[in-house]
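Here come two complexes built around subunit A, the first alongside subunit B, the second alongside subunit C.
Moving on, here comes the complex of A and B:
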């Protein structure tokens, strides 16, 4: 069974510890959400998996093979990120052609169809496209490349709401048609909460949560009601956040709801609130 | 190893620049030769040094862009290094072949061609034997190559990280000062110039020293490649 394994990975940049003894496994055909604040170590982890930099200690195994300087292992992974790795003078259609050269399963027809769906002009050069368009052509390659492992590092950077919505639809379509392991690193937590199966939260280079989305969301609940009733109900409970809308108030509480009085509605926990609580210093 | 795909990418991405550079060096060489011949001199300027410089410039200036593109496409640094070394080898053979054709064509028009080995910028010891005109031409060639070196130097410094810059800087300091170093130590160091073939016009030694320089350049490139982290702003 295919998987990416990170075994005891540590990485330090001068005096900054980017990753500290990270042990993780990304199982076959699952969608993971990789969450963390700025500088938490998400991108470093992705860079180590894709050989853009090397770990000081530990190793990465892709389907049991070490990833360091291993073309066979690296060819199974495609990483879409906001970094400018494609030559600035190259046209998008030429990037598609080269992707076909490097990845034999790259579906050119699908890539061209996606370009039409996203209204992307493939005759433009990399240097001529906007941030959103830059994200788009990389997303199109990622969706067409058909590798067993896909990594998205801030995939929707600069995309408008319409394109973001279309991307998530295409992502799920692709996953249903040709399942693969996807790792999505993003700050737009709410947008991916319905897509990802497992959530990994990283803080200061350490994995602090690695659970299924369901399990994580069931670790707490949201209580909504009038100010008076909510304050009384929430008193003494482990509150991780609150919102006020008109005469109504919502509180986010860790634990299981018990003895819920009339006039208070209990719903699922807000993933973003939980994330903020877990990652605040 | 995904050598074939990598070699294909490197050769196609560098093809246009190489052709432009090679034609430029040919034109430059032709003008110099023409000026000398019109002046009644029997003189023919080879393009081998230019070709060597061109290859260095093209592959070193495209090195960073290629590296990023190949990393994006799951190619290891090791494969990139071997593909690039092979590419340099193929290009060198092609250039050597073209050089001989040019030499043969030149032979048809000019008798008793004086093969000028233009390594004066590395070691100026032979300059004392040159006439004023020859010296002026060699100075022009020297200046041209100096400009090429400076452009290569600036391109590399702009593209590489700090470690890469230091390696390149040391390399160029040594190159620029080779003549001075050899000159300062006179006979004590002249044997180095002889061994390298830059002071005694021994072609085979020059060939060997060129291969050594290429290998050193490539080893340095590989070390830089291994060491340098991705800098995100291009």
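Moving on, here comes the complex of A and C:
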């Protein structure tokens, strides 16, 4: 079965540890959310998978083959990021043609249809397009290349609400029609929380969570009530954070709620809040 | 039908309940085809596995059936089944909540009964 495996990956830039002994497996035909704060190591990880930089230690295996300087393995992965990969004078439609040369399964007809759906003028040159449009043509390529692995590094950068909405829909459409493994690295957690199946949270170069979205959300709960009641209730429990407003207090607790006394309201954790609590230093 | 992130119900349960509601209101009539997993997934921007999980609840309960290669359909008798289920839940979902709220804010038993009578006779339903 196809998968991308990261085995004992470490990477240091001068004095900064970017990744520390990362072991991960991205399984076939699943959508992953890769979350982490700025500088947590997400992009370094993606760069190592796509052979854009080398790990100090460890290896990346794509369908069992090493990714380092291996065209066959790398042709199975397409990475969309804000990086500017194309010459500024090139027209978008020519970039599409170019992509077809590199990726044999690139679906030109689909790319042209998507361009219409996103109202993207493909006769424009790289230098002439806005930030949002730049993201758009790269997303269109990603959705059309038909590689077994797709990586999105901040896919919706600069996209307006309409185009973000359309992008998520097109992504799901593509995924259902032609399943592939997708890794979405983003800061817009709430927007992808219902789309991704598994969530990986990275903090200071270390994987701190790697679970299904459902499991992660069920890993804890929020308890709200008066100071006194909450302090008594939360005593001895695994608290990951708290918020106060007036005489009311909310605590975020890992585990399952049992015997909830009167006057305390139990609600679920939301992903964004959980993320903030888990990644605050 | 709406998918909300701000309530405690998991998304797959919301999908199942949304379809139940549409069947009860005859939006999806018995023996008629309902939207596909793809359509639910894209429309509500949810992972297809989540949509499938929701629909499978209805398949297991005999509300929806699948025709291989064609699609999914509302079972004959689904409306009756759902009404029976809702009747069983009526006490828990409405009566007990209403009574505890009434007690909390000081509405008497007689007041509640009068209100119900008034609404039942004059209500638009």
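The working rule: the second predicted complex is superposed on the first by the 236 of 281 C-alpha atoms of A that agree within 3 Å, B and C clash if a C-alpha of one lies under 4 Å from a C-alpha of the other, contacts with A are read in each partner's own complex, and residues count from 1 in each chain.
Simple rule for what comes next: a residue touches a chain if its C-beta (ideal position, glycine included) is under 8 Å from a C-beta of that chain, and two chains touch if they have at least 3 such contacts.
Quantities reported herein were computed from a predicted structural model and do not represent experimental measurements.
A.B. asks: Do subunit B and subunit C fit side by side on subunit A after the overlay, or clash?
C.D. replies: fit
A.B. asks: Go through the superposed model and pick first if A:234 touches only subunit B, second if only subunit C, both, or neither.
C.D. replies: neither
A.B. asks: Just subunit B (first), just subunit C (second), both, or neither: which does A:45 touch?
C.D. replies: After superposing on A, A:45 lies clear of both subunit B and subunit C.
A.B. asks: Touch check for A:270: first (subunit B), second (subunit C), both, or neither?
C.D. replies: second
A.B. asks: Mind working out whether A:199 is in touch with subunit B, subunit C, both or neither, as first, second, both or neither?
C.D. replies: neither
A.B. asks: Return the chain, subunit B or subunit C, that is in touch with more residues of subunit A.
C.D. replies: B
A.B. asks: Touching A:98 in the superposition: subunit B (first), subunit C (second), both, neither?
C.D. replies: first
A.B. asks: Going by the contact rule set out at the top, does A:214 touch subunit B (first), subunit C (second), both, or neither?
C.D. replies: The second partner, subunit C, only.
A.B. asks: Please indicate which partner A:176 is in contact with in the superposed arrangement: first for subunit B, second for subunit C, both, or neither.
C.D. replies: Second partner only.
A.B. asks: Just to be sure I read the superposition right, which of the two partners does A:150 touch: subunit B = first, subunit C = second, or both, or neither?
C.D. replies: neither
A.B. asks: Looking at A:35 after the superposition, I want to know if it touches subunit B, subunit C, both of them or none. Which is it: first, second, both, neither?
C.D. replies: In the superposition, A:35 contacts neither subunit B nor subunit C.
A.B. asks: Minimum CA distance, subunit B versus subunit C, superposed model, integer angstrom?
C.D. replies: Taking the overlay as described at the top, subunit B lies 28 Å from subunit C at its nearest C-alpha.
A.B. asks: Tell me, which parts of subunit C touch subunit A in their complex?
C.D. replies: 3, 5-6, 8, 10-11, 37-38, 41-50
A.B. asks: If we count contacts the way the header does, which residues on subunit B are in touch with subunit A in the complex?
C.D. replies: Result: residues 1-2, 5, 8-9, 13, 65, 68-69, 71-79, 229-230, 232-234 of subunit B touch subunit A.
A.B. asks: Could you please specify the touching residues of subunit A with respect to subunit C in the complex?
C.D. replies: Per the touch definition, subunit A meets subunit C at residues 31, 165, 168-169, 172-173, 175-177, 190, 193-197, 214, 267-268, 270.
A.B. asks: Which residues of subunit A touch subunit B in the complex?
C.D. replies: Residues in contact with subunit B: 47, 50-53, 69-71, 74-79, 83-88, 98-99, 101-103.
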